[in-house]
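Every chain is named by a letter (A, B, C and D) in the order it is written, and numbering of its residues begins at 1.
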Amino acid sequence: PDLVSISDYERYARHFIRDDIWAYISGGAADEHTLAENLQSFARQPIYNRVLSDFSTANTRTRILGYELDSPLLLAPVAHQRLLHPYGEIATAQAAAAMNVPLIVSTLSSVALEQIAQHAGQWWFQLYWQPQREDNQTLLRRAIQADARAIVITLDAPVSGVRNRAQRAGFRLPDGVREENLVEFATSVNTAAEGESVIFKHFMKQRPSLDDLKWLREQTSLPLLAKGISHPEDAKALQEIGFDGLIISNHGGRTLDGVPATLSLLPAIRIAVGKDMTLLMDSGIRRGTDVVKALAAGADAVCIGRPQLWSLAVAGALGVAHMLRIFQEELEMAMALTGCATIDAISQDVFADRF
Amino acid sequence: PDLVSISDYERYARHFIRDDIWAYISGGAADEHTLAENLQSFARQPIYNRVLSDFSTANTRTRILGYELDSPLLLAPVAHQRLLHPYGEIATAQAAAAMNVPLIVSTLSSVALEQIAQHAGQWWFQLYWQPQREDNQTLLRRAIQADARAIVITLDAPVSGVRNRAQRAGFRLPDGVREENLVEFATSVNTAAEGESVIFKHFMKQRPSLDDLKWLREQTSLPLLAKGISHPEDAKALQEIGFDGLIISNHGGRTLDGVPATLSLLPAIRIAVGKDMTLLMDSGIRRGTDVVKALAAGADAVCIGRPQLWSLAVAGALGVAHMLRIFQEELEMAMALTGCATIDAISQDVFADRF
Amino acid sequence: PDLVSISDYERYARHFIRDDIWAYISGGAADEHTLAENLQSFARQPIYNRVLSDFSTANTRTRILGYELDSPLLLAPVAHQRLLHPYGEIATAQAAAAMNVPLIVSTLSSVALEQIAQHAGQWWFQLYWQPQREDNQTLLRRAIQADARAIVITLDAPVSGVRNRAQRAGFRLPDGVREENLVEFATSVNTAAEGESVIFKHFMKQRPSLDDLKWLREQTSLPLLAKGISHPEDAKALQEIGFDGLIISNHGGRTLDGVPATLSLLPAIRIAVGKDMTLLMDSGIRRGTDVVKALAAGADAVCIGRPQLWSLAVAGALGVAHMLRIFQEELEMAMALTGCATIDAISQDVFADRF
Amino acid sequence: PDLVSISDYERYARHFIRDDIWAYISGGAADEHTLAENLQSFARQPIYNRVLSDFSTANTRTRILGYELDSPLLLAPVAHQRLLHPYGEIATAQAAAAMNVPLIVSTLSSVALEQIAQHAGQWWFQLYWQPQREDNQTLLRRAIQADARAIVITLDAPVSGVRNRAQRAGFRLPDGVREENLVEFATSVNTAAEGESVIFKHFMKQRPSLDDLKWLREQTSLPLLAKGISHPEDAKALQEIGFDGLIISNHGGRTLDGVPATLSLLPAIRIAVGKDMTLLMDSGIRRGTDVVKALAAGADAVCIGRPQLWSLAVAGALGVAHMLRIFQEELEMAMALTGCATIDAISQDVFADRF
């Protein structure tokens, strides 16, 4: 009835989700400045309405890493989806398949990746680096076998951030929701000695080094992306060791509080890596106009995070599909009104001076 | 009693108007950033108080497209006015005639244009392009026959925008309110094939092409204006094909959310089209000082949108006339205090540095 | 008890003052943007704390138009004070005398100027121009006879502005509060013909022309100031015809809504008139630090408006005296902490970069 | 339970602290603009997330004035701690010792410095200048005897500021809380003559002159710091007379309202004094990211003010220790995510453009 925009799903979802889980999925790090700025950055960026462009061959198709997509939309990797719905990632995969939108499956999915793959259309695998190199190899092999079309390694969460909202709500993964892809691996043991910093001597030891990333690059010929990049120099360094693409992201404001919105980070990173490298982005995409702004700022496509969870909680696979339909329609509307008949036509020219 | 400003009419109107209709008329597109910015842009633009000008021959008269006006005020085209009052556009026309303010009649009026014309003083016709060229010819012929003095074609609403507020309220045109000018035309059939984009393959196909606009120019020797222009290049292109004037407008924030306020768009457009082209503007005019600011930024006159509806709902023709009187008095007050004794004297010099 | 700052007087006064009178004295013009900006301008201007200056001969004394003042503080002309307290301007005059602060008496005082003068220390006369030149002469003669030490003509209120808050509250001067100085003059008759603009053809005809101001200059050898100046060119023009000083003011936000705060107007006006012309200012002074900021921006002294009324309503003459004491102490505190041991030492150097 | 951040301690403390004491410790001067800006300055300063740095030898150690510290954290001097907890400064000292964080003991401590010293680890003495030079000598001698490792003289509070919040709450030091270090000294007598300014002729006479500061420098070979510096010229002047370090501070917004946040003051002061002078800072530090930002802006270490009091009130020594643990962990987290493996690695490069 009055479910006509992404924010309506957010509003409804509030009533379908337990308080602690709500705090976990909605919350950001620390004082949630970045979380708020993710939305504000889009809100304060004006765009022109154009009225004379030719729309005879208009469409939203685009090519990303060699794959033809109907639209520059993907589903961002989001862990633990059975928190929101009994079918969890399976429902999301069905919706993505139905809507022909690529799905990025998280290492921390609550359904085994093979099972998700059975219901998915095009899907990519998001890797959280495992302390043992061979465990990464195992995950990769499983993903490739289950027909993943790209590998995304997330780099911005070596520690999980100061998640005060979730902590205050006392959130813990409930019984019955497990990280199914990891059950066979040894549980990680704290490597910090008594009195040493757990953060520096345990967590930061477990994250991938530059060497690990080079090694990873050699393990697969699939397109390889790094997620969670906010600085042009990190972008260039990853390009140099052979990454095919980057996902510019602040993890939806969930890791370091104070990172700028990705919209404001994109232009400098696009300049740093040149026009050919594939740049996806996420964090705060809620409207068709947000997609247009992200692309105008330098992205090739965008990933959708929390809206997956809200729509999944409200109406399962159907909800996720409807949520994607809203994005598609709003994107078309935004292109129609900004005078951009194709994805390639979207450029910095759509931007007007900041309010 | 305490109906002394335009915002008082808004406040009162709330009690006279059904919730869904209120949502339809008050709402803007999507998150209503442009709607808010329309007001904010005026609020944050400071102006100087001047104390030494000569006011011996002061007046608010101006010449627009060859017509002498008492004041640089017009009524913007607003559809479906019988939603607000049983006499609808007729009451508005009577008030406009009484106050000697030109009225722009919408294609989507809920009273036939010929009937409105009988009660109107100077009136202009606003055309929404019809898919069949001959239907446009019919509308034009009817308007000219009923003594329309100018033709305004609205270009910024080929799709009606993401009107979430109205959607959430479940707004639909109630029985008994029809688009009277269009009843004889064939109802539009979706031209998008199964699975194709309705927006691109239906709506965007129906809007006027550049050729259609050239053709339109040839159909009449009346002054021809385009409404809904926000970009200098569109302004120039329309000037080149012979348009006499433009209405710089973001449709009151109702089409593309994110378009800047028209106040901030005017200076660049004035530079683009030169000092002779007629530039009207609308969106957010609520005070006499707003009129002065709009003219200082480059407009020749302004159009008033929603205040028509609020005053119509509260007190019919009398309300609309009173609303226009408030604007006239506030405009004189604003000119008196900014030291501008005539409309021509209003220039960028009235502006002080932004707060 | 908890009456320790000017805003405490405002808070308390609310309970001592009838709603319509409250609306009249507190309100500003139209949407009260200038009213709000008057406070905001001070709030957002940062200043440095200095710790090493020499305070051995510290004091707040200053010389204004040849008069030695204990402090750069004056009481602004405020009409109709018997609205707030039965003794009205007499109580204010007593407090000003006790605190040795010059008082500017309004043309529209609710006690005759001769009576106020009996209770006052140093006082100046504020003239609202009367349509008949000889009436101005009469007022001037009376003021000089009663020992006024300077004449201030207010120029920014030829029309009283769009005072919506007072209008909505239905404010009218109650029986028993009269403009005592004007009772003998003919009541002004609307000079606008039927259908003509009352604003242009009546009010703007009655305000002083440049010739009237030159004539006024010739009528007295007392220091002559113009009040309500916001533009550097008006400032220069008045300097050229022989005015000794200016009061930079937006009338406490009560005339033209949208005029910048006087703090932001001062620097350019100081540059325009040079360092020797006397510049007072008012509008929004509520703290000792505001006084320091005003002087740093170019003023020689400041006038206090509404705080007079609040303190008068709460505690009569005692209240006004206490209010002035708070200003004096806060000013000394502000000078102590900004390292300015004398009024002359206050310069733009106290300003830090805007937040 | 939900005590996971510094602001949680603030929230809890509200329930443990009497209203007037709360007003005294939480409040700032006047309208508390500086108090608010202290937090806002950190909130609006964005920082980059970096993902490729080497953390193999990561640590938070630093060297301040010749002392090796585990972390660039100190406890700011805070008076009257027995207002918050029966053990007052003793509890704080115990926590600081346990966490190996230097403690700066106030002249106005409610426990005698010798007693505090017995429970403290490394501690410094903060001097409020006493009118009699010999009293300062006495305090210094006592501090040195009790093994103070540095002397900090506070210069920004010669008058205590316009503390309206505390005044309105009627705060007075309750019986049983005394300034234990000062009991033996003569109580200060107002030196202002009748009618003279108490601020200029009493308080400002009692603060240390430049000569006094030179004299003080000669009294001790311990590191000597000045606290409450906000202007580069004062910083240079103090450097020239031999001060070893400065604490850039606006006293937590408690003295002059309108002083900028210290974060914005640091860069210019660092340039003025060069890279070798020790610069500490305080005012508004509440997060690990704030510490990183302060160091990036030019500080060598930061001092923590009010959080001491909140945690002390909630849970005594344990609370203070836990509060310090939160800071340590958040600092490590912030360094991990900004890619700074050591304190030296923190530079202006962590800053992104302001939102």
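Going forward, contacts are C-beta pairs under 8 Å (C-beta built on N, C-alpha and C of every residue); 3 or more make two chains touch, one makes a residue touch a chain.
The model shown is predicted, which means the values in this text are computed figures rather than measured ones.
Chains making contact with chain B as well as with chain C: none in this assembly.
Taken over every residue number at the interface, the positions common to chain A and chain B amount to under half, indicating a different-residue contact.
A turn of 90° superposes the CA atoms of chain A on those of chain D, with the angle given to the nearest 5. Greatest centre-to-centre distance from chain B is found for D, with centres as Cα means.
Note: centroid distance chain C to chain D, computed from Cα atoms, is 42 Å. Annotation: 59 Å between the Cα-based centres of chain A and chain C. In chain D, no position touches at least two other chains.
Contacts between chains close into a ring here, every chain touching precisely two others. Of all possible chain pairings, those that touch are A-B, A-D, B-C, C-D. Here chain D touches chain C in the complex through residues 30-31, 33, 37, 40-41, 155-156, 158-159, 161-162, 164, 167-170, 197, 199-200, 203-205, 209-210, 226, 228-231, 234, 237-238, 250, 255-261, 264-265, going by the rule given at the top.
Across the complex, chain B is touched by residues 1-2, 4-5, 7-8, 43-52, 54-56, 58-60, 287-289, 293, 329-330, 332-334, 336-338, 341, 352-353, 355 of chain A.
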